[in-house]
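Order of writing sets the chain letters: A, B, C and D. Residues in each chain are counted from 1.
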Amino acid sequence: VGADLAGAADVGRVRVLMEECLAAKGGEVSARTRARRLGGTWLQLSPSGRQRFLALLAEDFAVDHDAVADLAAELTRVPVAERPDVERRLRRALSASRRGLVRQLSAVPGGMKLVVDMRAELLDHLGPVGPDPTTETAALETAALELAALELAALNEDMFDLLLDWFDVGFLELRRISWDSPAALLEKVIAYEAVHRIDSWADLRNRLDSDRRCFGFFHPRMPDEPLIFVEVALARGVASSVQELLDLDAPQSALPDVDTAVFYSISNTQAGLRGVGFGDFLIKRVVEDLQRELPTVRVFVTLSPLPGFRRWFDTAEVGAVAGAAAITVDQVLALRTQLGTMSGTTPAEERENIRAELLRAAAGYLVRAKRGVAPLDPVARFHLGNGARVERLNWQGDSSPKGWKESYGVMVNYRYELSHIEANHEAFASEHAVVTAKAITEMLDPPRRR
Amino acid sequence: VGADLAGAADVGRVRVLMEECLAAKGGEVSARTRARRLGGTWLQLSPSGRQRFLALLAEDFAVDHDAVADLAAELTRVPVAERPDVERRLRRALSASRRGLVRQLSAVPGGMKLVVDMRAELLDHLGPVGPDPTTETAALETAALELAALELAALNEDMFDLLLDWFDVGFLELRRISWDSPAALLEKVIAYEAVHRIDSWADLRNRLDSDRRCFGFFHPRMPDEPLIFVEVALARGVASSVQELLDLDAPQSALPDVDTAVFYSISNTQAGLRGVGFGDFLIKRVVEDLQRELPTVRVFVTLSPLPGFRRWFDTAEVGAVAGAAAITVDQVLALRTQLGTMSGTTPAEERENIRAELLRAAAGYLVRAKRGVAPLDPVARFHLGNGARVERLNWQGDSSPKGWKESYGVMVNYRYELSHIEANHEAFASEHAVVTAKAITEMLDPPRRR
Amino acid sequence: VGADLAGAADVGRVRVLMEECLAAKGGEVSARTRARRLGGTWLQLSPSGRQRFLALLAEDFAVDHDAVADLAAELTRVPVAERPDVERRLRRALSASRRGLVRQLSAVPGGMKLVVDMRAELLDHLGPVGPDPTTETAALETAALELAALELAALNEDMFDLLLDWFDVGFLELRRISWDSPAALLEKVIAYEAVHRIDSWADLRNRLDSDRRCFGFFHPRMPDEPLIFVEVALARGVASSVQELLDLDAPQSALPDVDTAVFYSISNTQAGLRGVGFGDFLIKRVVEDLQRELPTVRVFVTLSPLPGFRRWFDTAEVGAVAGAAAITVDQVLALRTQLGTMSGTTPAEERENIRAELLRAAAGYLVRAKRGVAPLDPVARFHLGNGARVERLNWQGDSSPKGWKESYGVMVNYRYELSHIEANHEAFASEHAVVTAKAITEMLDPPRRR
Amino acid sequence: VGADLAGAADVGRVRVLMEECLAAKGGEVSARTRARRLGGTWLQLSPSGRQRFLALLAEDFAVDHDAVADLAAELTRVPVAERPDVERRLRRALSASRRGLVRQLSAVPGGMKLVVDMRAELLDHLGPVGPDPTTETAALETAALELAALELAALNEDMFDLLLDWFDVGFLELRRISWDSPAALLEKVIAYEAVHRIDSWADLRNRLDSDRRCFGFFHPRMPDEPLIFVEVALARGVASSVQELLDLDAPQSALPDVDTAVFYSISNTQAGLRGVGFGDFLIKRVVEDLQRELPTVRVFVTLSPLPGFRRWFDTAEVGAVAGAAAITVDQVLALRTQLGTMSGTTPAEERENIRAELLRAAAGYLVRAKRGVAPLDPVARFHLGNGARVERLNWQGDSSPKGWKESYGVMVNYRYELSHIEANHEAFASEHAVVTAKAITEMLDPPRRR
């Protein structure tokens, strides 16, 4: 439950508390005490109370737009030599006082997590916006938003700027998560796992066995919270199915024999850090750590879902699908019909009929289906952007109902080769090139027989 | 030694490196590699090379003043609803790209210390400016500075903003420094001690004995560097002489008997953090820690120098001195003459003659001598600003030559009472009130006999 | 599975390995390598192979009884002045070489746990012997044992001597076990809990909640194994039922309010350490720790089972039961009949009828039923021997089927008062006095009405 | 200062305290309290008081020799089947109650160090005995010792047995000692260094520089005391002079270039652990650690003194010296005369004349001079016994006055090759073979010209 901030008196009290936080009165030490009280107030609010709290923060502690306009006008008038001084005043005027409040909240004990969670709630109120700040900005540009919404969005931007700074990867600590980690931490791993649900402590234990690794990034001000973590299976050869990896009864690999590390799950845990990316660093750091620990491991691949494949295949314009997948329009239609009669429980033999064509469609989806100039698939965007290449498709790589629903069970391995990561990234960033293993290329453009 | 950056080619190479750091090309991971290279370059430069490096950073990666002017003009023209967007662009334009470079440098291993030291060098080049950023700002306002100097000053301001944020006291860790601390750390304590020089490891060991405490603030990104540290002596009663405290042969106090903690030395260690204050937090945190550890300790005082007393007494306008000290002009002149015949080695009996009048002068100096509205004495400004009060003056509290030279040997105890700190601070901050023990007040304004 | 040591060749190989461990050849470093190999051999043996390994160790590396006899004869002949030298040789001859082997095994990595587990298996083979070494000795004295059994028993004694020395409480470390402990450790707590089964990780989490404490003793050479641990519930007032404590849905106690610590479960974990007692130290250390952490806690009690009560009540000679319980023979017989018709699921109201008499019987059992001069109940022996007193009986303190089966659901609080522990212990040790709260005494010997 | 235990009353009080420690009365917890008091008593005694304490412990808590004699007589009479039981009682009777007291003292906080230091004092009182327990035993065998001395010696043997067990190398922890170690530990390294005196903290810092390593063994019950430590210099090529290594101004080696680790100082620190050897383990463990850290290091040598060389050369029978050194008697006499005119300050050119012959004498000393069958030189005994070989002699390897006084400045490198250690040790242990590099062999037995 929690307080609601319904009445004007309540709102007024919180406003006064915010103002006191900003007032120099009583010195820095007292300011901290007040910030702690403000944080405590937030924690005890109901959802609607929190919405009011955010609105108050956004609107009453916004930039003074008139002061800014005055300074802008002044800048246009003063001689060049005086500009630096006006610029300085303008810069200060453009920094909303809510930034200072957020900063103060972040500095009290437990405050960093509080601010991250506060932004998560703010994002919920802002509604669906794209996954990166550029897009958020774009969303803002729609003039239809009224002032209040504009200030809420600007508060989000302020918080994003601050979090980007605080969660710079240089501040993060890579820690191994193992069966020797505190139960209080492992409990969070169970809760946060976003790709392949952890069903029990026994399931978790299997994922932390001697032939597994799990690493997470942690922030010194949120030491008990993994920000992102990756689960890795060590094996001889590349696993082609995630069920194989998650099977509690499967034998363990002997470490001296392993030559491959499969990154089969990467989970971001903090909704409030949306847009603050550190996934690419995580993978690179883990690859380096594993190479040091296990020099026999030479191949680093993911086993990744294609979250948008089924939707694309089922609903995209048929000609576009056919073009991307290098099959005919008729084949697409026939496949759609067949798939309409199947489900996650259709016997494997029966599904076998559509294997070749569906895999080709999946290859086409990854390589040719776009949103703008970038790959349509968000996971592909992430790994290709990090310098991986599309390595191999796995028929029925995820045989769970979820796998069927998402991508008709197809999974993909992206491969990270340290010596190619930079060039791949470069090609992707500058020319939007989707670097692809030869086998994939050949599926889409088979070498002509002579 | 070190490279000089003398030729245009050298400078050009560094500029290219800086530009590459800012370029998105190759992704974040590559950007870090380049930042590390840039940091390495800085470390290998000669003093003049570093000066050129700083100039390059300041001038070539400054705010684009024309772009700012254009946006300012645009802001004055657009309808109110479009202002937020222009404001956002303006805010970005006002953030110099050198800020991004400093941020990147700070994030590489060892980078935080590098940035702090870089600012220390920058401050050296900027020349004497006041101890706090407000004053720096003031310095900037003198229009005589040419553009290059303006940009250097603006670079300093950028660095100051960033450091203020990074070194927020919420990020700092209070650690006890003891004889069980690493020698590598203690070596730094010896080097950094700024008030009473540590002559040897034996001297240090004495200051870390069972009846002593030493605490410092540390930053997670500079874990081996104390940012500030305070030395505390535990005793029965308030020590009146620093030589007593530093005497290697003095007996130790038995902990169960102690009732007083004397803060006899506080040293800031990082020149590059000038203006980023955490001294007040340090004292308050240490007082709290000591109260928890040793509940019998009830009195917390400093034993502090009066660094400006002698200069003021010797050189200030004689009427002002007489007025402050509540003695006659003739007495001032007579005292000056007497002091002119004395030195640090004058026998104690002989000095005894001037004791009463000189102590009254010291009281007057602390309570009435001002720079603007604030106390003239910098140490008084610090402790009074933190909420302490002037408690007691100590005749020959520092009998060393340095003590004589600075303040004719007089020292002062400032007292911290947790229950009064906030009120004292408040009175000082809002009304510039110098809170003073009754004994001091009576020295300056003796109760009239009836 | 595992090797069986069936053939003479296999046994011979192990014997040679043992002999090589003892040989000085190749120096200490090589001896360690061989000891590691010997430990590895043990670990890979089947149960019967291990039995043969133990027999080999016991018989082939026993004391040389003839050499001992010769030295004994020599001692009886030599002049007094030469006795010390013969005594020294005799002492060495009396120390079997298997002691050296056990010592070497203990010193390799993982070796201490191996030796402890080895003794656990040895105890299994030796069959039921009393819980303390005195009794083991007694068992040995029965002349019927043949030589092989004698040597096995002597091996046990050798191992016991060594373990007693190695697991001296001065070497043990008290550690708090919490939800922040490694999962690998908590998993062992789940497995080792011997009093009230832990059903799930959720059950464990409840027992490690903010109003609970768990402490264990650890040995530096077995850092991942709790040797013994105790579970404590903090509450306002003394809990009267263990189900109340284990209820996952019960609200937590607020720490500032608690005044009582209930030790509701103590588990020894290492069968191989039988007879090496540290339970009494554990309780005393935990009481001291809790007093320091939570000064408001004043009452320290257990909530303990009466494991032998039902057997005694059901099967002991009826007159003895009546005498102990201060009820008539007829009442005993009537109670037995009634209990014969009840079970753990009999409605509480119905059981209520027998409450008063059964509780009196339980009091009699604790205070008057003996094995020799000591209490018949093993848990009573433990706590009274540690200086606790019998404080209170709890009707249906354990309402589980196990509770009914063991003691018709009755539980008892033993109370530890630091100021009385030594006197209580003394009274128990020297006069076998069962110190008892007044309420218990009055149950058995009600004050006469006047 | 300290109490003297002079009067009978004092002695009586201590005896009662000792008896109470052994009495079961009051339980184990109380026994600990008494042991703590007994330890405190020891710590406050004067040297003569301590001597009386030790005598009391040795004589009043000795073996009951009559009881032992009775049991020995019984053993000679009983049938074979009853022997094990008598043996067991005999074994107990042969274990003096002072052993139990020492054990109890060791288990209180700080007690392990107390027992080690107690044995150091005991060894002082026992007077000069050989460096190893065998020899101590031998010393005991001289029948001239009276009873009191015999019991003191037996007390030493009891303590030795216990310490041998407690300080088993399996219990020890290898820790790196560095400039990041606590000053409180480094202070002890300065005090304990026994080979090349550490003159100052700057000298120590040089020995802990980036191209140096220092490792020590620690015991969990004495965590702040290094038991033994070794100083290692990393370099390109084998250093030939210790002054070179200790030169504060010498440049550091770049780690990637080093190929050699020179063990130039090994110090045992605890006089009370005499005979409890762990030096051989230390070297082997350090070699392994260094190989792991620095794979480019291939050569592991010592730079060792020849502490007995000068005494042997100056005072041994001239024919024996000539024979060992493969020079003529006249050459020996001439050399002695020349050396009589020289000192540590004789110019190097002048010393050069005797270089070849003196080095040959040193080789002869190491290889052929014996005490019994073992090398006369104690350092040679240590390293050869650990499996090293004599590798190289260094003319003026120690140019200090101490070096001249001990060995006319000659030093020797012993080399540890992991693949040969065991065979070398074996050859030394079984055949007393001094394994020697070819260059040394050829000095003593030059290949004939054909």
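General observations
Rule of thumb we're sticking to: contacts are C-beta pairs under 8 Å (C-beta built on N, C-alpha and C of every residue); 3 or more make two chains touch, one makes a residue touch a chain.
Computed from a predicted model, the values in this text were never measured in an experiment.
Taking the definition of touch as given, a chain qualifies here only if it contacts chain C and chain D alike; none does. The minimal number of chain-to-chain contact steps leading from chain B to chain C is 2. In this assembly, the chain whose C-alpha centre lies farthest from chain D is A. Centre-to-centre spacing of chain B and chain D amounts to 53 Å, using the average Cα coordinate of each chain.
Centroids of chain A and chain B (each the mean of its C-alpha atoms) stand 42 Å apart. Averaged Cα coordinates give chain A a centre that lies 61 Å from the centre of chain D.
Every pair of chains in contact is given here: A-B, A-C, B-D, C-D. Chain contact summary for the complex, chain A toward chain C: residues 179-184, 186-187, 201, 205.
Across the interface of their complex, chain C is touched by residues 24-30, 32, 63, 65, 68-69, 71-73, 75-76, 80-85, 87-88, 90-91, 94-95, 103, 106-108, 111, 137, 140-141, 143, 150, 154, 157, 165, 168-171, 220-221, 277, 280-281, 284, 385-387, 421-422, 425-426, 429-430 of chain D.
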